[in-house]
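Same chain, two partners: subunit A is paired with subunit B first, then with subunit C.
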Partner chain A sequence: MKHSYIDEYSGIDSFIHRLDPRIKIITFVGFVFSIVFTKPTSCLTFLLYGLILGILIALSKIPVRYILKRSLVVVPFALVVAAFIPFMKQPVGGYSLGPFGQAVSRDGLMVFWNVAVKSYLSVLCMILLTASTCFSDLLKGFAMLKCPQLIIMVLSFMYRYIFVIEDEFMKMKQAKASRSVEDSKWLDVKALANMVGVLFVRAYERAESVYLAMSSRGFDGTVRTIHHFQITAADMLFFSAMLALLIGAHLFGV
Partner chain B sequence: MTRKIIEINNLHYTYPDGSRALAGITLDVFEGDSVGIIGSNGAGKSTFLLHLNGILRSNGAVRIKGMEMTDKNLPHIRSMVGLVFQDPDNQLFMPTVFDDVGFGPINMGLKKNEVETRVQSALKEVDMLAFVKKSSHHLSIGEKKRVAIATVLSMNPQILVLDEPTSNLDPKRRQELIDLLNRLSLTKIIAAHDLDLISQTCSKIALMDQGRIVALGPASNILHDETTLAILGIKTHDLISASPNALRKPPTMPIKLAEESDLD
Partner chain C sequence: MHIPDGFLSTGTWVPAWLLSAGGLGYSLKKTAQAMKDRMIPLMGVMSAFIFAAQMVNFPVMGGTSGHLLGGVLAAVLLGPFAGAIVLSCVLIVQCLIFQDGGLTALGANIFNMAIIGAMGGYLFYKVLILLMPSRKGIIVAAAVASWFSVFAAATICALELAISGTSPIAVVVPAMAGVHAIIGLGEAVITGLVVGFVLKVRPDLIYGQAFSHGAGASSSPCGGMLGGAPEEGKS
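And now, the complex of A and B:
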């Protein structure tokens, strides 16, 4: 069995890690909104956002490499969407680009820059939030901020069982490999389809057993947890400092 | 005088698909007893255990401390009967050990600080206090088994019901778990294939076959009776060599083999 983590750097002791999860969630979601509502032309504001994020990442003691690596996973999706926009806009005051001389509009390029920079900064915000909070605390924080219970439960079970299911899949793959003599891609695909089916049935059966175990311990439809969160002066200080910085960046950048 | 804590009177159960799992079980368990349930695969052991806290309910044959399995009694019964499932990955479903051990007490409606003390003492009892903040996924199988027991101990049960507590454990972890079970002074019902575990932890044994209890008696007697063991497919000398502990107590009472007429 592997020891896999979703939140491998959540155990570090730093100022950012010690913040109350609720404050962290509100601040970072606020940060994302602030990024989204910035005018695309105010480059200076974006630069300031980047600077603030850089400082926060440094404060969190999370390796920069890890954050950049994670951000690369999300970025392609945003870029693929954004990349086509310049070609779709009406070519008003555009340029000719590429071997076929496609018309590229300035408006379109602006939208592209807008989407690219905003999505990347937002992703960095969310990575910092999730990497600096242990997953169960993050869920509790969201639950206390009145996020629907059903979503919290689904995520909580996902966190608990995703690696169990991954382990099961790995064992099945090993069992298959030990009995595969011929190396045929087509057989592989067929076997894979069966394995996914078996995995689904097993996950379903496991869900039934888990439900029995929950009922045995008095589960009545709502998962209740207790928390040890406490909003301290440091939390309020962080929150007000971030608020001031974000408003400042907005005003300064215009 | 010891009181009856579990009364089972002619319990039948048929699965929705028509397969008969329990065919008339009658059993009384007294306070402080530890009863081992043995039997081959498919004998109905796990199905039987699921009746003890009302997960499965059939013809009202089970009473816990005189209480019937009604919707009204169920919450109380579930806090009284702690059922630990065989696969700890199913037993531990919350993100952290703390949340898992606290799950039962919170559902019982206890206050926050009482939940915390319950969690602490339950984890202390199984020697897992240091793991309170860990995620269950990152525990070893032996640790998971211990935490799984703590998840029901935190509810302060009077009866502990365990399904195959030593499966998949190495000899050392297994012995540690047996010692742990012997330390707990509750009424215990343990279903297992591991006869050495049964002989070390249980004073009475019920042998199940095809949904019935075919023999019931003191552990040493059952484990020495060739006809009962033949049902399990065990030759006596295998058992003796595999489990020296089974030999420690000389037989004192005759085994009561249930008669055909009792069963029907």
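And now, the complex of A and C:
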């Protein structure tokens, strides 16, 4: 079964990939915050953000096609907001566009611009962070930045078993597809629900045997990992450059 | 329903983050007390299960399709606190790996789908099974509660957008609620059937329902599965 969507490009060797995961997390999370807190009217600041992200993407050697495809994830939500804009009643400054001459208020357009540019830039940030770091390093980074240990451990187990459980589900689907003739819709739904049920029972039993195997090897509720993260001069340089740029963008943004 | 970054105002996403961090923290404490060291592997594998179960697509209307949310399903099978943890983990992974939902909006997404969707849905389910204390009652309660959870999560999501000034309240709330009232029907049918199936083959695995099979059933691997699943496709 194929799952190529996690860690597809995290193995590339580039400046961005080599950065310490902790530095990357702080920088990109800070970047997202910086984007969210920017005034919607500061077009130049957004342009600067776009420029920085463009340079970082080029540095990371991750295929631009992949990043663009991934970033489409925000489009449906932006469209929903766009659809509601004509309904925003504002007394001043209306434009009339569209085939039926719908009145679109200036405030409505401003709301759409605000939401569209911020969500798109933020999503680029997150793609860059997660595509350039393998998931286990990302989790370890979050853990070392004092994120709640329990949830990180659950997440790392989840990551380990996502593929296993999904594989099992795909196999069941394939087996069903290869055996059943076009049934009625209802039977189809019923079979699907039963598959989910079987999947649950099997997953639960798997979890139990995993737990038993772990406790027989001395698991006491905590997971200890070796960390080999090291903050180098390049990390500090990258971090201070980004910090200066973001603060500068906020101070001098128009 | 995964809100991206930038759609919520600071006055909305910060309180939402605090509320869901509090809810999640409390759930973690409760679950850790109940499960002890079993918690980490069990919650991890169950999160992966809900993640896989969310791949179940069902046609809604006019060619669009909805996918399973699994909030009430997780809560009915694992209990409200564990259900909320599992849903939160799924949302965190979706945010980090698939950019489905933004980082600042993650708090709001967890609030809508894990706190309201799983915990709130479970409360509704609990009230319903008090009214109908039977096997059928559990299935019907799970179905109705899962419809309600999808509907409530969508309504609250719309309210958050309206409070943030992103969408006008008079349009976005009825629109989101209306669409999800229909998507919720698919969720209700699937959740009801899955709960019915588990009730038939491993009733001991359903949270708070330790009846019929007795203690022996849980220790036999693949215990009741041979009984009710001709479609499972094990070759």
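Methods note: the second predicted complex is superposed on the first by the 218 of 254 C-alpha atoms of A that agree within 3 Å, B and C clash if a C-alpha of one lies under 4 Å from a C-alpha of the other, contacts with A are read in each partner's own complex, and residues count from 1 in each chain.
In this section, contacts are C-beta pairs under 8 Å (C-beta built on N, C-alpha and C of every residue); 3 or more make two chains touch, one makes a residue touch a chain.
Model, not experiment: these values are computed from the prediction.
Chemist: Just checking: does A:V210 make contact with subunit B only, subunit C only, both, or neither of them? Give me first, second, both or neither.
Modeler: The answer is both, since A:V210 touches subunit B and subunit C.
Chemist: Classify the contacts of A:I165 with the two partner chains as first (subunit B alone), second (subunit C alone), both, or neither.
Modeler: In the superposition, A:I165 touches subunit C alone.
Chemist: Touching A:S156 in the superposition: subunit B (first), subunit C (second), both, neither?
Modeler: both
Chemist: After the superposition on A, what does A:L68 contact: first (subunit B), second (subunit C), both or neither?
Modeler: In the superposed model, A:L68 contacts neither subunit B nor subunit C.
Chemist: Considering only the touch criterion stated at the top, classify A:I55 as touching first (subunit B), second (subunit C), both, or neither.
Modeler: neither
Chemist: If you stack the two complexes on chain A, which partner ends up touching A:R224: first (subunit B), second (subunit C), both, or neither?
Modeler: The first partner, subunit B, only.
Chemist: Which partner chains sit in contact with A:F33 here, subunit B, subunit C, both or neither? Use first/second/both/neither.
Modeler: A:F33: touches subunit C, not subunit B.
Chemist: Hey, is it subunit B or subunit C that touches more of subunit A?
Modeler: Comparing touch counts on subunit A for subunit B and subunit C gives C.
Chemist: A:K118 in the overlay: touching subunit B, subunit C, both, or neither? Say first, second, both or neither.
Modeler: After superposing on A, A:K118 lies in contact with subunit C but is clear of subunit B.
Chemist: May I ask you to decide whether A:F135 touches subunit B, subunit C, both, or neither, giving the answer as first, second, both or neither?
Modeler: It touches subunit B and subunit C both.
Chemist: Just to be sure I follow: which residues of subunit A are touched by subunit B in one complex and then by subunit C in the other one?
Modeler: Shared contact residues on subunit A: 135, 156-157, 159-161, 164, 206, 210, 214-215, 219-220, 223.
Chemist: Touching subunit C in the complex: which residues of subunit A?
Modeler: My answer: residues 5-6, 29, 32-33, 35-37, 70-71, 73-74, 77, 80-81, 84, 87-89, 111, 114-115, 117-119, 122-123, 126-127, 130, 135, 138, 148, 150-151, 153-162, 164-166, 168-169, 171-172, 174-176, 179-180, 189-208, 210-211, 214-215, 219-221, 223.
Chemist: Mind listing the subunit A positions that touch subunit B in their complex?
Modeler: 3-4, 135-136, 139, 156-157, 159-161, 163-164, 206, 209-210, 212-220, 223-226
Chemist: In the complex of these two chains, what residues of subunit B are touching subunit A?
Modeler: 50, 53, 55, 75, 78-79, 82-83, 85, 87, 89-96, 99, 102-104, 106-108, 112, 115-116, 135-138, 151-152, 155
Chemist: Within the complex, which stretch of subunit C touches subunit A?
Modeler: The touching residues are 2-7, 10, 24-25, 28, 32, 36-49, 51-53, 55-56, 58, 68, 73, 77, 85, 88-90, 92-93, 95-100, 102-104, 161, 165-168, 170-172, 175, 189-190, 193-194, 196-198, 201-202, 205, 221-222, 225, 228-229, 231-235.
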